[in-house]
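A, B, C, D and E label the chains in the order they appear, each numbered from 1.
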Amino acid sequence: MAMMKITRDALPALYARIAAEQSLILPVKTAGQTNFGLWNETADVDLYALKTVKSAKDAFFPQSETLYTCTTEDKKITITPEKLTDEQFVVFGIKACDVQGIKVLDKVFLSAPVDSFYAARRAHGTIVAMACSAPSESCFCHAFGIDPTEPADADVVIWPVGDTLCWKAMTEKGEALTALAGDLLTAADAADETALENAKAFTKSVMQKLPYANLTLEGWGADKTDEKFNSPVWDDLYKGCLACGTCTFVCPTCQCYDIKDYNTGKGVQRYRCWDSCMYSDFTMMAHGNNRNSQMQRFRQRFMHKLVYFPTNNDGMFSCVGCGRCVDKCPASLNIVKVIRAFQKAEKGETK
Amino acid sequence: MPLNEKTGEFTPKIVAFCCNWCSYAGADLAGSSRLAYPAEVKIIRVPCSCRVNPMFILRAFEKGADGVILCGCHPGDCHYSTGNYYARRRMTLLFSMLDYIGVEKGRTRVEWVSAAEGVKFSTTMNEFAAKIHELGPNVRLEDLRCKN
Amino acid sequence: MQRIGVFVCHCGSNIAATVDVKKVVEMAAREPGVVHAEDYQYMCSEAGQAKIAAAIAEKKLTGIVVCSCSPRMHEATFRKCAERAGLNPYMVEIANIREHCSWIHKNMEEATEKAVILARAAIAKVNLNAPLKPGESRVTKRALVIGGGIAGIQSALDIADAGYEVDIVEKTPSIGGRMAQLDKTFPTLDCSACILTPKMVEAAAHEKINIYTYSEVEKISGFVGDFTVDIRKKARSIDANKCTGCGACQEKCPSKKSLSEFNRGLNTRSAIYTPFAQAIPNVPVIDREACIKFKTGKCGICSKVCAAGAVDYEQKDEIFTEKYGAIVVATGFDTIKLDKYDEYAYNQSKDVITSLELERVMNAAGPTKGHLERLSDGKHPEHIVFVQCVGSRCSDERGKPYCSKICCMYTAKHAMLIRDKYPDVKVTVFYIDVRTPGKNFDEFYRRAVEEYGVNYIKGQVGKVAPQPDGSLLVQASDLLDNKQIKMKADMVVLATAIEPDPSVRPLATMLTASIDTNNFLTEAHPKLRPVESPTAGIFLSGVCQGPKDIPETVAQAGAAAVKAIGLLAKDKLTTNPCTAKADELLCNGCSTCANVCPYGAISYEVKLINDHGVREDRRIAVVNNALCQGCGACTVACPSGAMDLQGFSNRQIIAEVDAICR
Amino acid sequence: MQELINRAKELLADGTVVRVLGWRKGDMDYNPEVAYFNSAEELDNFVYDGFCGANLSKYMIEASKLEGKTLVFLKPCDTYSFNQLLCEHRVDRDKAYIIGVGCRGKLDIEKVKAQGISGITAVSGTELDGPDSIKVSTIYGDFDVAYTDAMLERCHVCKGKEHKIYDELIGESKDTHDMDRMAAVAAIEAMSPTEKFAYFQAELSKCIRCNACRNVCPACSCRKCVFDSTKFDSQQKANVDSFEEKMFHIIRAFHVAGRCTDCGECSRVCPQGIPLHLFNRKFIKDIDELYGKYQAGETADQRAPLVNFTFGDAEPSIVNERGSK
Amino acid sequence: MSNVSKIEKQAALIREISGVNPYKCMKCGKCSATCPAFDEMDIKPHQFVSYVQEGNIAALAESKSLWKCLSCFACVERCPRDVKPAKLIDAARQIVEREKGGDYLMADEIPTLLDPELPQQLLVSAFRRYRR
């Protein structure tokens, strides 16, 4: 498909046109913070924000979702499974790192046994990815082989270039959306292509100047369990951890959830909600918790992202370098510090 | 279901926590004196007003109550001597917080009713129910999951 | 899951007339957990209880809900019934569908719907009930009687006669109380001292009774069966063991200007004094405020004249601690202050007196040696006006809202006695109502009118104005004649309202006994438990509970004694099992709960806790079940929810909330 | 800073303490982390500057369980929290050696970023005795930012720079109080119920139930929070339908009412920038107005307002008379 | 307006203006005992309360008592039941005055109302009270 373009001014019209047909999820600013949310006429769209607080994960794997509802009438219980998504929707403006995050979730939820709720959303969702123009100090997607200027595996990719956005459909779904956009899109010309190439080059140059430009994953990856698991480095690293769930809940790849019941008075709604392996009651069982110290819980999170996941998924890390945890950890701990602490220790350097 | 299925009128759910020693007995006296108040009011017996946790009150709203009232012995007359003094501070602060987050004033109330004040119990409940009728259904503190 | 039985009572037509009990049964039967539901005419009857017992046995019920009258009425009945049928009594919950439902609603549909919801809430609660077992505590076989008036003396004698040790604590130097101040008693007109003094002597001589006069209760801790009380014996400045009661010291004492408390300030006494001749103990007290020795260091005459060498200026207050199983409160009353009633000129004229002052005037041992005379000039009065309801039945802050109960009768008595002794004296009584319910009471009042010619006028006195000639101008209304009357009087006697002795307020706080807005101690039940305080182990005797005359006081004193004896006769008490309990795994040991506990029932210990495999020493709250009364203040103070109240647990109350809001 | 390191080394060397609880240099100039230092050598990575905002009092709960004394550095506001924890028997005074450190307000990198500064590579001038403006280096060039413009909200309404408990003091503090602490609360109080509701609805709708506010809070020191406990039927992690966040934040504020020292950690750590301190401050304002001025943590032996009363306390109906329409 | 509802309305109005609950009266007569203008009155203070209880406002409006009350408030002070007869009288006066129309007390009416035995102060207070 040929490169198209749309002016920034035309975006509201585009949103309205899409939203008339499908749900449109995009970065919306509420009370000073930008998160993915449903578009409506009054929504304060913040498409150009580099990072939403939470990733776009909610669009396919919401923080809380009902699985089924039990209603009691007299002594009879009726179980009504929650309907799977059967309507098309568009997630607009996902960055390359978050698109990669969705690929990580696919590995978990789309391999057997398939998670039908997730699968239904993936089947009905159209992803419009947006290339980065100005990555910031906490970005390190390059370490995972992600090019922020070329989001992979999206249905449509858009590139902001000055007051225009270049638009390219990548899949059939993307073409359908392009058709829906209709006359709001015009064909891009050679000048646009040149401007786009310049913009990409600029973004790459920014990437190289950022503090995490030289970050590598040396020493991490599949089959590193034995050398990492018992390392004394963990014991030193975890001390500041508050055991909160911030890193988990802003992460585009964390996929653990808890299943709980909500008493509605007329019965029970069984729902699942994100859970965090940092929480002391994570996977709590009758006998207690299989990880009963914060060090163990802290270790679990990073080992999972950097060792266990690649071990089980052909080397794919379950971190995409979005840097949200770097920005948001209340205790200023983050995955980069963990990666580097081990690299230093393994090189025999002192901290 | 706040609306009466037959009449379509708003029939609020009102939870009244009553201490065992004064207010519950006051409610009994209202009953034996045949002093009517709306059937919307349902009483939960607690040993003392100080047994009422703010979480119970929020819980009631969550589950669809439209008004919550707490009745206890008059200050100075608590069966446990000091319970209602603690309840008084707790409820004052809680109600102030509810007001602060935009819950309508008057959806919560504390009234001291002695075992001898059947009339006061009945008057209070009538007044409170009238207030809740005036305020309409609680929408600011309910959990939508309990709606259907 | 519990197996719950629901029993719906018709209470004759009390419930069934407004609540469709069959519908309640039908709806309750549908609730999860309910395996049995039935209705019956009177569940509390023997037949009704038999039905419950049968269902418990047949259906193997683990919990029952009785939809009936208030739990305050029959909870105990149904608990006992369950216990007899082999079910833990705390597996019973009551849905109050009478007082809280059928009696207040007229619309059957509405009342039935509410009854169903109340039943549901009780079912939801009982689903979470757990069997509770009462604990045991021992009973100290000794009683404390606070107040040495006729009420206290009678209670003490009755308890002592049953074989238990009794201590009487009286704050004044002698027992006897108000009754000792009275001249004659209605309606028999026998001499008050003549019938009281033998009782005082009997109490003093009783081997099981110890009397602590000039003493006050300082501190009370503990609980029913096991109170610990600190008693302050104020320094008498006399060694009671040495004093012979000869009275020489009082005669010689040069400081004689103190107002006599016993004679209501109508005359004076010496600084070293016994309040009255028949005082028990007959040991004087030095009023250190008035004593020259204490004020200036010089004098010491009493010590010099005391042959027994009993005077001890160095004596100090002494505090001792004693344990009691039961406490009888008999703190009595006083008349109210009349400062705010300017219209009666009480503070302006010596000839306007209270009825209690008149008792002293009429008494042979009183300030006038029993002669009826004006206190201003000693003249014989020609006309005496009695004013009823002074400060009683008054809804403003000047007086008391209640009827003082005794005034109608003692006024009739006074009027009669005066007319009898001084037929020349005219007596007028202004009344609003004459209230004479009592044996031989109305007859007594009629005698005053019919035989003694006392002039009763319906109407209140508006104003008493002292005149330049020393007489009093009484302005009143005669409501039956619709006239305003102005009459001269030589004396005006005010039937002053009585109020509980002010010492009762701090005492009630120490006892954690409740008190009403008029400072009368509250009874556990106004009809069925009139002599017990709601606080277990505290019994009420005399006017501290409400206005009453002597026979009623004596009757109540006896009743309080019987209740106390009933308690002391037990070796052990079962304690309320609805107590607070801390979950060791959740407790932070932060002491917040202990800060709000009114009974000091919470202490802390450091304990090795195994929290799902994590072992550590933790500071943990421990509740003393004998001290805990189950108010639940701690449960809300506790942020982690570690503290919970058995029988009214968080989850139980939440279940009720959920059921009601469903 | 060097003075702190030197003194810590001395105290380690002479056996007064067996470990040091402080801040360690981060991988950026603005993200130092809380860490233990067990040796003089480790202390070379110690840092104390404007970004060391973490309140170390709460870490002393765990440190109190360890063998031997821990040297802890507390800023003036942190000492209130320490006192409050002492009051509640959650820390052991004998296990702590407290060095009160000076403070000239703490910095928030988000405030710097909010000025449109991005691509940060270095920040300098943040030390205690540093200049009035900090220098922010970025890949796009260098910027000067006034120290106070980068300061946390809590420092603008600072309770004062006096340490309430310490063994020794090091470093001069600078008064940073330049705003009315209760102004924001009063502004909300003056809103109509609908405005109030809309305001809090918008703020709380952002909450992701990460529990950072709770876990950082020195007053939220429960071994197991009611919201994690199965004993209360209050366990909840869902992020749905508007009620649960209100329940969580109201009850959390209520549980710390009268115990909250207003240290501001909750707002500092909230990933969604919810002004959580507005809940706690509302209670503080009410307590001050209704029951007399009270500052939690002022001393270690106070009786908190919610476990106290006077006979003449205001009736709950006063709420209907105060505030907005 | 029907007669019944007018009576009820006036009785209610008296209660509202005076802030007095006449049913608190226990018929002790202390007000009448206290009243300095008792002899001048056709309806005595304590009866006044009964009239309000019964709703017999018409008779009160006609009564001399209305204008004989000195507003000394002795009865208000001394009433043990907080019934305040003088306030009832005062309220009745106001009702009568209000019925007369906008201007309550006209200056030229005063001479006919003047009574040498009435204290001057009452007149002044009447001006203050009703003219405003």
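General remarks:
By our rule, a residue touches a chain if its C-beta (ideal position, glycine included) is under 8 Å from a C-beta of that chain, and two chains touch if they have at least 3 such contacts.
Please read these numbers as outputs of a predicted model, since none were measured by experiment.
The minimal number of chain-to-chain contact steps leading from subunit B to subunit C is 1.
Following the contact convention of this document, C is the list of chains adjacent to both subunit B and subunit E.
Every chain gets a centre from its CA atoms, and the centre nearest the mean of all protein CA atoms is that of B. Annotation: B-D is the more contact-rich of the chain pairs A-C and B-D, by number of C-beta pairs in contact.
Put simply, the chain farthest from subunit E by mean CA position is A. With each centre defined as the average position of its C-alpha atoms, the distance from subunit A to subunit E rounds to 82 Å. Subunit A and subunit B have centres, each the mean of its CA atoms, that are 46 Å apart.
Chain centres here are Cα means. That of subunit D falls 67 Å from that of subunit E.
Multi-chain contact residues, meaning those touching two or more other chains, do not occur anywhere in subunit E. For subunit A, the set of residues that touch two or more other chains comprises 262-263, 265-266.
For subunit D, residues touching at least two other chains, in rising order: 224, 226, 232-234, 240, 306-308. Applying the touch definition to every pair of chains gives A-B, A-C, A-D, B-C, B-D, C-D, C-E. Within the complex formed with subunit D, the subunit A residues making contact are 30-33, 35, 50, 53-54, 63-64, 134-137, 206, 209-211, 236, 239-240, 242-246, 248-250, 258, 260, 262-263, 271, 273-276, 279-281, 326, 328, 330-334, 336-337, 340, 350-351. Residues of subunit B that touch subunit D in their complex: 54-55, 58, 62, 75-76, 82, 85-86, 88-106, 108-110, 140-145. Residue ranges of subunit C in contact with subunit A, taken from their complex: 30-32, 611-614, 658, 661-662. Residue ranges on subunit C touching subunit B, taken from their complex, read 70-73, 96, 98-101, 103-107, 110-111, 113-114, 117-118, 121, 509, 512, 514-517, 522, 526, 534-535, 578, 596, 598, 629-633, 635-637, 645, 648, 650, 653-654, 656-658, 660-662.
The touching residues of subunit B, counted against subunit C in their complex, run 13, 15, 20-21, 24-25, 27-28, 30-32, 34-37, 39, 42-48, 50-56, 59-60, 63-65, 73-74, 76-83, 86, 90, 114-116, 122, 146.
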